[in-house]
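Below you'll find the structures, each written out as structure tokens.
The same chain A turns up in both complexes below, where it pairs with chain B and then with chain C.
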Partner chain A sequence: MATTRILEWCGRFYIVLLLGFLYLPIIIMAAMSFNASPFYQLPFEWTTDWYASLWQNDQLIAATWNSIEIAVITTLISTVLGSMASLALYRYEFRGKKFLQALLFPPIAIPWLITGTAMLIFFFGVGIGRGLIAILLGHVALALPYVIVVVSARLQTFAPELEEAARSLGANQWQVTMRVTLPWIMPGVIAGGLFAFAVSFDQFVVSYFLSTPGQTTLPVEIYAAIRKGFTPEINAVSTIIIVVSMALMLLTARFFKFGGEK
Partner chain B sequence: MADQLAIGSRSGLKPALPLLLPAYLWLTVAIFLPLSAMVFFSFMTDLPLAGKEWAFTLGNYAAFFSQSLYSTLLFASLRLGLEVTLWCVVIGYPAAYVLAKVLKGRSREAIFLLVILPFWSNGLVRIFSWAMVLREGGILDTALNAVLPFKINIDLMYSYPAVIIGLVHSYVPYMVLTCYLTLQAIDDSLIEAGRSLGASRRQVLRRVIIPLSMPGLIAGAALIFVPVVGSFMEPRILGGRTGTFYGTVIEDQLVAVFNWPLGAALSFILLAVVLIILALAAPVLRRAG
Partner chain C sequence: MAGVQVANVSRSFGAHKALDDVSIDFADGGFYALLGPSGSGKTTLLRQIAGFDFPDSGRIAIGGESVERVPVEKRRIGMVFQNYALFPNMSVADNVAFGLSVRGEAKATIATEVQRALDLVQLGKLGGRKPHQLSGGQRQRVALARAIVTKPRVLLLDEPLGALDKALRVDMQIELKRIQREIGITTIFVTHDQEEALTMSDRIGILRDGRLVQEGPPEEIYDRPQSEFAATFLGDANIFRGDATGTGIKLPDGTTIAASTGASVPAGAKASCAVRPERIRISTGAGKPHPANANTLKGQVSKRIFAGNNSTYFVDRDGQTLKVIVQNTGAERLVEGQPVVLSWSPDSTVLIAA
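== the complex of A and B ==
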């Protein structure tokens, strides 16, 4: 069994290499946000100036607020609408249900480039135009399928007898939903909400097509800055974004098992 | 409640409708109508806005077929998608195997989380971090010159390999995730049975493990291939002038040239190609599942 052990250690070593590949650029990017040289020159000199100057950058701050606002509103709307739809898909049997479930996949599967292009053209055509409202419309639509899939997965573990029992004890439909079903699926709803927040907060492609100079989100603003030539200020914002996104992800993982094991 | 079924689920679209309608209306307005509108606009000479003259035309599609530039770029994008997908299989599958079959308990959980954590961070930011590493005088250049006794110049920035590296970095967690889920479902006793019946490690891998994990491989490949074919931000940032692909041309038509009907036609052609590829993959996936 000696070969097996050697192979296992090779496997562990390989995982470490992969983690290095995945994290090295991110760590370097974050480290450079604390480096004094505006041209990313080494040796490393510690500074927090770039974070301070970020604070003065009104354009970036406005874009950040837009991003947060849109992500929060997207989360609220898509979680409520998505949970309602999942509940209906779980509770009722009707013709065309399979079709409705299949309709959730195009928004996930079609490249965002195509969805974004289509939204830009359509919103312009019907007079919604570009801007924050258009971005919000798009983000909710992108987040909804994720919420429905996650909440439905949680509903699969729900025992319908519980609803029956509550109903036979005299609870009406609203009471059954709020007191029995909702508490049970809450972890799924929260995970779905965090998914929705991440989809919106990290969304670049669709926001890019739908934004106008005054009304943009943070990723769009970063893209513009990168193409103009980058400065450590972008590293500083990027570091903040990465920390926020990863914290959210860890939160999601707490509510929702990704590993698929109990 | 006479309409109640024994299992507790009830029939009829009527009671379900108020719960379903808001979500599906939203999807219709923001996804399905736009996609239909895109098809419609792709047959126009100009957008019907502000009283502009327009007519129906096949010219936008004719442009795709008459100018070899577009089809060349579409093939370049398909090739890019294929290469990135292959690299993700080569790098991601072994990692998924180690995660599913070698590591156990808490260390597996922790490392699994570490692997999929980056792909929850902003894709744009990750591509930007590679720009830090790959450019001349960047981290890779400085680090290698500090270690190696001779002077070398590493300037991968604005090259095809840079685009590949950035995209593989962005998408490899998908492959690890999907392969892990199928590999984990393989019963260990199947592998042991194969070994005890005299199969070599390689035979077990080829005859048992790879066939059983095929759905994960295909799902991962689809999840990677489709967005990579439509990518434009990664080639722009890491590829510079060599980073012209089909996606960047669509971006140009919409934000720089403002030829939206042509952009719509190019988008629709991409969508059709992607759907055909997914349709080809679907039966394989179903059979494997």
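== the complex of A and C ==
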């Protein structure tokens, strides 16, 4: 009895430590975005000045919108293309399929620094150059393997008789996909989409290579701002992003719960 | 509604011949069982008829129209799968409605037809449920309703009762038969359960290693099997092997067994005889054999298994163990080790060409 209680207590302590390790830096950063001192000095003095001055920082706001736009478009493109590729890999047997599937993994493992360099050279070579379009193309390429891996994993749990049953009832390929297969793999598609969004929104290395002074994303802009001299405005914009992304995550969790899963 | 003709259909997967020159005529409105052990090709044949897979050669016709290159979605068939394959994201009613909905039927028509189909399988009130909220038997009924609501030309069933427990399976057999009679649809049923095939179908086709071994009404196959495989796969049989004499066979030890049914085998050729365990009379040897021309053999009871309404005796004779089933009529029971005489009529003996 006593040992189980001790074990249970240890378990709780461990979870508190783990959560602390994960969230403490974020909480401090969020707190400091409301602190009047720009040098993290205590005592804590409440202010919303940093949020107000963030509102004036056109460069930071422009970069934020760029990041959001690119992340959303990357998510849409890579989720649609990636899900279609997963379905093709699931349904059809063709020459070189194993090789193609094997080729999906190296991009995940290759350091982004190298991918970024390669993309920079390539985009210059083909005349796209740098800028938001280059960043978007780069992000889609980075996100695609994640979507394919996640959706394919979900497809492994799909019962192929369901497609056969639908066909026996007269459904054509499009109807089978839209009404039977897609609803089943939807959790995988959404998870893949979240991955794609995260890969794009968090992306610094590749974006850094492909951005130009006027056309940049938030992580690159924050990096540039820190180099010029740190201001708590960065804390403010980071806090906003954390709140929004946590809200998105919670919303997704809710969706999964009510998504008709068993 | 329509009959199905399968003519000289062959299908190989690599070096494996899954179907080897199979021809069967499925009559319009009939209930047909395809029976065979696993790997016999019965499911492959069903998939050719359904259109999930195309034969390498041969012809398949539904209602006289050649369909061997028509994909499944254009064949207008109904199919019930082994694991039901209900769409998990849809309600029962939406599952049943699927076939009508993809055809673009009007909403009102769909609602009426779905209700009629659910009523037919006695699930009229469960349309709003999700498949995972149903029992195995109910899922089975939904699968059936979904398959017949589109008024298919043929109903194909792939071991539909395999996942149900014994009592439920018997209920569903009766139910399935009732529904099939009610709508009069040509039904082809794949099973490895011989009892299911015997009790439900008008005709049975027995498959083995991709070939059709024998085909006919259950009584005919049971009473006049044309091969040792058919005799032992559909029901139990005692098999004697020897040389044909023209009126029966002669066993290696010189005993002759008269057979008046089955194949005609020229004298001297290898042949066997099959006798059903319930056709053999077992006695202590007192009294004359009946009928007078009965085949008789002496042996010794090696084991008795009592099953309530009947007993199975295992009788050893000359290195062979024969099986005899005796109804429980209250007569004296024989004990293990007792010498006995077995007798049976030549009419109950089926001659089979080797």
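In this text, the second predicted complex is superposed on the first by the 229 of 262 C-alpha atoms of A that agree within 3 Å, B and C clash if a C-alpha of one lies under 4 Å from a C-alpha of the other, contacts with A are read in each partner's own complex, and residues count from 1 in each chain.
By definition in this document, a contact is a pair of C-beta atoms (placed from the backbone, for glycine too) under 8 Å apart; a residue touches a chain by one contact, two chains touch by 3 or more.
Source: prediction; values computed, not measured.
Legend: residue contacts after superposition of the two complexes on their common chain; A:Gly170 is shown touching chain C, with no touch to chain B.
Contacts of A:Ile222 after superposition on the shared chain: chain B is touched, whereas chain C is not. Chain A is touched at more residues by one of its partners, and among chain B and chain C that partner is B.
When the two complexes are overlaid on their common chain A, residue A:Trp184 makes contact with chain C while staying clear of chain B. Shared-chain residue A:Ala247: touches no atom of chain B or chain C.
Contacts of A:Ile6 after superposition on the shared chain: neither chain B nor chain C is touched. In the superposed model, A:Ala198 makes contact with chain B only, not with chain C. Of the two partner chains, chain B is the only one that A:Ala109 touches; chain C does not reach it. In the superposed model, A:Glu161 makes contact with both chain B and chain C. With both structures placed on the common chain, the touch criterion links A:Arg95 to chain B but leaves chain C unconnected. In the three-chain superposition model, chain A touches both chain B and chain C at residues 161, 164, 167, 260. Those residues of chain A lying in contact with chain C across their complex are 159, 161-162, 164-172, 175, 179-180, 183-184, 260, 262. Those residues of chain B whose C-beta lies close enough to touch chain A in the complex are 1, 5, 7-13, 15-17, 19-20, 22-24, 26-27, 29-35, 37-38, 41, 47-49, 91, 94-95, 97-99, 102-103, 108-109, 111-118, 120-126, 128-133, 137-139, 142, 169, 172-173, 177, 180-181, 184-185, 222, 226-227, 229-233, 236-237, 247, 250-251, 254-255, 260, 263-264, 267-268, 270-271, 274, 278. Listed in rising order, the residues of chain C touching chain A in the complex are 50, 52, 71-74, 76-79, 81-83, 85-89, 98-99, 102-103, 130, 132, 146-147, 150, 156. Across the complex, chain B is touched by residues 8, 11-12, 14-15, 18-19, 21-26, 28-29, 32, 40-42, 77, 81-82, 84-85, 87-96, 100, 103, 106-107, 109-115, 117-125, 137-138, 140-141, 144-145, 148, 160-161, 163-164, 167, 198, 202, 204-205, 208-209, 219, 222-223, 226-227, 230, 234-235, 238, 241-242, 245-246, 248-250, 252-253, 258-261 of chain A.
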